[in-house]
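Everything below concerns the one structure shown next.
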Amino acid sequence: MQLEALYVAQPALTAQAPILAIAVPLIGACAAALAPSGRAGWMISVVAAMVSAWMALAVAGEVMREGVILYQLGGFAPPAGIALRVDAMGALIALLIGAVGTLAAVFSGHSLAAEVRPEKHTLFQAGFLLAQAGMVGLVYTGDAFNAFVFLEVSSIGTYALVAAGERRDRRALPAAFNYLIMGTIGATFYVIGVGFLYGATGTLNMADMAARLGTLDQNAAVQAGFAFIVAGLGVKAAMFPLHGWLPGAYAHGPSLISLFLAATATKAAIYLMARFLFEVFPDGAAFGDMFLQWVLAPLGAAAVIVCSLQAVFARELRRMIAFSSVAQVGFIFLGFSLANASGLSAALFYMTAHGLMKAAMFMALGGLAISIGARRLEDFAGVAREAPWTAVAFGIGAASLVGTPLTMGFLAKWQIMEAALAGGRIWIFAVMAAGSVLTLVYVGRIIEVMFFREPAPGAPRAKESPVGVLVPLLILAGLSLWFGIDASLPQQLAQAGAASLFEVRP
Amino acid sequence: MSWIATHFNYVVVVILMMAGLFIVFSSGNLIKRMIGLALFQSSTALFYISFGKVSGGTAAITLDAQGAEGQALAAQLDPAYVAQFGVEGVVYSNPLPHVLILTAIVVGVATLAVGLAIAVRVRESYGTVESDEIDAVSRVAAEQAEPAP
Amino acid sequence: MNGGELLILLALTLPLFAAAMIYAVGRMPDVRETLTLVACIGLAIVAISIFVRVGQGDPPALTVAEPLPGLAIAFRVEPLGALFAVMASVLWGVNSLFSIGYMRGRREARQTRFYICFALAMFGVMGIAFAANLFTLFLFYEALTFVTYPLVTHAGTPAARRAGRVYLVTLVGASVLLFLPGIIGVQSMAGSTTFTPGGLLNGRVDAAAGSVLLLLLVFGAAKAALMPLHGWLPSAMVAPAPVSALLHAVAVVKAGVFAVLKVSAYIFGPDLISTLPAATWILWMAAGSIVIASLVALTKDDLKTRLAWSTVSQLAYVTSAAMLPMASGLVAGGLHMVFHAVAKITLFMCAGAIYVATGANRVSEIGGLGRRMPWVFVAFLAASFAIVGLPPMAAMWSKFLLITASFGSGEWFTAAALIASSLLSLVFLMPVAFRALFSPAGDGAGGEFVRPGGTPVTSLVALCVTAAACVVLFVAVEPLADYLAPIAAVSFMETAP
Amino acid sequence: MTAPVLEASFALNVALLLMLVVLAAAVVWTRSLLAAILLMSVYSLVSATWLMVMDAPDVAFTEAVVGAGISTIVALGAILLTRGEAVRVSWKRQVVPGLLAGLVGGLLIYAMSGLPDFGDPASPANSHVGRAYLETAKRDIGAPNVVTAVLGSYRGFDTLGETVVILAACIGVALMLGFGPRATLAPPAGAPGDHHVVLRVTAKMLVPLIILFALYVQFHGDLGAGGGFQAGVIAAVAIILHALVFGLRETTAAIPPQAARAVAALGVVVYAGVGIVCIVNGGGFLDYDHLLTPQIEAMIPAGLLGDPDKPHHWGQYFGILAIELGVLMTVSATMITIFYGFAGRTIDAIAAELRR
């Protein structure tokens, strides 16, 4: 699939597309907050998310044609002004956010009705759109401090949105509180790190920072800046062992939020971390490589093994999938730790694949949650019979998670493993293989219960998801399949993004 | 100038950060943890502002160097210093960290409000704001949810 | 789209289409089974035309999709694959004929699902047979695992479910942990996984890396049931006899050894294999498998289990053939794959026929049955001859070539194992037929048939056809060997001693 | 060239920082949440004073109104609804947090040694972008207060994000606490407010004065310390004072919660709308120079905007004014919403929630 085929360029609009991808959901959020009814809020949400996704598509097309896009805000050239700087990598992640955001917005129509009190719907939609705008901003911005602002834009609302899951499961409240504490510490660490870098370079623009860091000797402040930024973003990205907030927040929050966060939030943070690792500290030589090899790779491996095992032994279905998310983040970091273009490209591809598959899985569970309020794995016995389409979509997501051939997840795992072999890291390769088997174990458990077990007598029966849920759900599942057969769209962007970062890093 | 004098501010910032982090990690009371978080966040303000200070500088509100205020300020400083580091005859402190910290303070109060609101809801739902008691309640609920063996 | 592409597409879609149609007419058993038979005949015709085309030096090829650069879902037929496809599609037809009688005779439940899964399994087999690269082969190889899982658990009993779990865990586990890493290794060393005459990796890897890859790929193809990854095969015998017949004698296990042969011939190539120490290790393990499995077969009273252990032993023949440091081994292996399939399917169908007629499934229960079911036991005897390797059975040739190749390459150990196993199979197979045919009166001889009329006619026809094929192929061995010769890049005259 | 470091202000700096350390220690120590909140309030005031010493009047102003003002109110509201004392934590449970905090602290101390000296005018931070603003602000923006110029124009996008963060907090609190059942309850008979005539009269006089002050802060922002944030909080304080004295019901009658929420959202719309107008006029987002198209400028009577031949920054001026208005709307309305949220929650509501 070629980008050009998807998007017919309109120069006037394309020039403004990066900012519109952020501003439209922002204004949409305000409009949703003012909406007279939940239904109106839902429609605003869908339209705004869709426009944002469309703009992200325009940006991606432009990036493929022109290379990196710079957009100066306020008409001031960086470093004085803030600029958006979109490369292929950012375009890809923003596209993921836009696509999942749009489908999630469509899905929200039914899921909110089931999970959140009616008078809160408009606010909920507003918060959701803010989160989307914040993440796109986080991905597009070329300014280190501006990234913090967008990190908070995307977070502050979501803390409350997670907590709004209390209507169904009151554990959402302490989970959200925990998320807030950890998230804020992470963001503050990030600010401290940016402070150090600002103190050392006198600039906040990431490109300028990179240029100036290149001329500096290694000093303690720069190293600390690096450490605090990585730790701070590590919290946001659920890097093992800073992932403690994630299982609770994903497991107990409302379906819409679990789905959206799982698909995008950690990705945006990981993306930002990648930019610092490979762009701002281009040849942080000894320091950067040492970090990648001796910190990031072991932590990634630990995440893969430990959290996959936790998922194997988890009793609640959503918790299982949440633990699986942490493990998958580990896979992505393993790709990063290879510190070469093919590893980074593979990791980026993996991020996209994981975003799509997790969104499908959480959305399917959300669709089921409309009819059964089940949490434990056993409660899902035999849902494939009652809700075949939903179950099939879940199954496709799960297949992609395992890395079944012909799904996107397979190509993602394939690429990282191939890159690991090419880089001579046999142990990373082995960890990936072991992690895949563990994934197979817990996914197998779920599939067995859902598809091959009889429902317990007297248990609440699941119903097929309504059309409003099924359509976005099947689109998500379909994307996981489509990109498993023709991966050129994400692959082009991932490769171009990785290549552009490694040009500066021979 | 000894190291402690040139880096005194930073040491204090670190102490305040540690105090804030310690409260967040050690306390089980949700409200107290929010207070600790606020302390932690505000210490970053001190951090940024500290390295934006310029010796002998004044607030970044443009002055007329020839005016009374400008003259008075210049009188306290070495003219060569003013010539090198001043802008049109006046030495200012760095405005950029101020702007950043304005943002950070606002983010801090937003976080505090949302965090406390969640804490209030926790109290309403669980009857307590102590983590240990919340955990105990959750555990009991989880055990009840399990079917009898 | 040229004719070759069309043929491959037909071979792949026909089983899928058949599965869909069978689902659609599932409520009308007669239509359903007619459809199956029509599909079998159609597929066999397609496979044979492909076979002929390959023989004429015009191998069909087709690229379906290329998810990533260098990673394509593509098909390209070579002699071994063409032979495999013909064998599988013809035997599918024969087996379907047998199934009709068996399934009706046993009044099995879920018959529609059974036929659908069978058709889907053929889809997997066709993909495996025609795959142009390891990745495509892997794809269909996995698909085959999953579509046959419902067949293994067909009975729905706890034992069947347990066997199904072992089946799935072993096969999928080996694929993910060994086969897939091996494929990725090949891709990363060679930049592609395309099957290349003479060996893709030949000249590109050193002995250490090559050995690791060889071990990964050979053991990863766990369907080949090389010890110690053989456990799933005997336990999968809980499945109904037609399933055992087609899948565990033809499609699944043959897909395993087929993969091993392909890997040996086209990924490593005979030259590279002969330099790899791992090839020798695998030879030893295969020799161990041959002897041990034959010994275990001796101890089994359950007829199908005994046959299953015999299969484990026979599969190791093919694996040995693939690992011999001599190109002619490959031809012998390819031939043995086919000849064994024909013989083994006959044996399983006989076992099924006995079971459906009398309910007996143990060797100790069949004394004297031969008088009442002469066709079945004559066929059984013929197939037993084939397994042992006696003339005038086709399998004699492949065994003979194999043994000479072993001697020729100095692998005395393998040769000894082959001879020992032949003698052992004489001991565990011959008494079955003899006991039924010549024992004056046995435990099973007196009573009535469980099913009035004994073995259904369709089943009887099926097993007689394959038994006859064992003999017919004895004559046709030379053209077949010549047909296969290109895979080893040698002519039959060189393979002959 | 060494700068005069040990001047009087440095001594003040040290003294104030030491006070902060003492206050922070007291916060760590105390178990009474009321005491902790009040100590934090004092902490904020002291740090506001310190910020003045650091030449950061805008930040000092904000810290005073936000830290000592609204944060304290919110925290007090929260402990009223929860509990006033934290459970004692055994020393064993403090070891790991202590070690963690120590680890971070140790890393920080090590790292701080790599930073330039305090007050160094030649440090990278003070010489690169920060200094560029001082040199160009007058030319580009025209506002005397460089902080406002940077805040509103150079880094106006940050400020938009910050306003959105405030809106997010508004949405978050409204989602969590709603608008307060108490707002609709009749006040209990003999509510204390009824008897304090002096209080009521004083409050009545104060409210308009505070609002007036807020407007001063708002419009004075580009000349001196102040701006939308500070003004917004101050304006909200006027409303909060009204609510404290006259009761929440009266206040919500005057400013309904829904209206407050709407204003908060509209504030962001105003801010982002300015950016969109700039785009429509052919510039980039938030490029205020494109706010006034030549056509619009031509419509304004000559001379009203000063001498047309002199370099002028009316676009920047109006732009900053407009976005500060947006900030004011969002901040004040959000603070009011947050206050309504906490104040509107009652023990009855708690009981009702528990029964549900």
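In this document, chain identifiers A, B, C and D correspond to the written order of the chains, with residue numbering beginning at 1 in each.
Simple rule for what comes next: contacts are C-beta pairs under 8 Å (C-beta built on N, C-alpha and C of every residue); 3 or more make two chains touch, one makes a residue touch a chain.
What you are looking at is a predicted structure, and each value in this text was computed from that prediction instead of being measured.
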Most centrally placed chain, judged by C-alpha centres:
A
In whole angstrom, what separates the CA-based centres of subunit B and subunit C?
72
Separation of the C-alpha centres, subunit B versus subunit D, in whole Å, is 13
What whole-number Å value describes the gap between the mean CA coordinates of subunit A and subunit B?
29
Taking each chain's centre as its mean C-alpha position, how far apart are subunit A and subunit C in Å?
45
What residues in subunit C touch two or more of the other chains?
none
For subunit B, write out the residues touching at least two other chains, lowest number first.
17, 21, 24, 30, 51, 96-97, 100, 103, 107, 110-111, 114, 117-119, 121, 125
Pull out every residue in subunit D that's touching 2 or more other chains.
108, 112-113, 115-116, 123, 125-126, 129-130, 133, 155, 158, 161-162, 165, 168-169, 172-173, 176
Strictly by the criterion at the top, what is the full list of touching chain pairs?
A-B, A-C, A-D, B-D
Within their complex, state which residues of subunit A touch subunit D.
16, 19, 23, 26-27, 29-31, 33-34, 71-76, 79-82, 119-120, 123-124, 126-127, 130, 133-134, 137, 143, 145-146, 149-150, 152-153, 156-157, 159-161, 163-164, 192, 196, 198-205, 212, 219-225, 227
Contact footprint of subunit C on subunit A as seen in their complex
403-406, 411, 414-415, 417-418, 421-422, 429, 433-434, 436-437, 440, 444, 483-487, 491
Give the list of subunit D residues in touch with subunit A in this complex.
107-108, 110-116, 123-130, 132-133, 136, 140, 153-158, 160-162, 164-165, 167-169, 171-176, 178, 261-262, 264-266, 268-269, 272-273, 275-276, 279, 283-290
Which residues of subunit A touch subunit B in their complex?
145, 149, 152, 156, 159-160, 163, 166, 170-171, 173-174, 176-177, 180-181, 184-185, 187-188, 191-192, 195, 198-199, 204, 375-376
Per the contact definition, I'd like the list of subunit B residues that touch subunit D in the complex.
1, 3, 5-32, 34-36, 38-39, 42, 45-46, 49-62, 76-78, 80-81, 84-85, 87, 91-103, 105-114, 116-121, 123-125, 127-130, 132
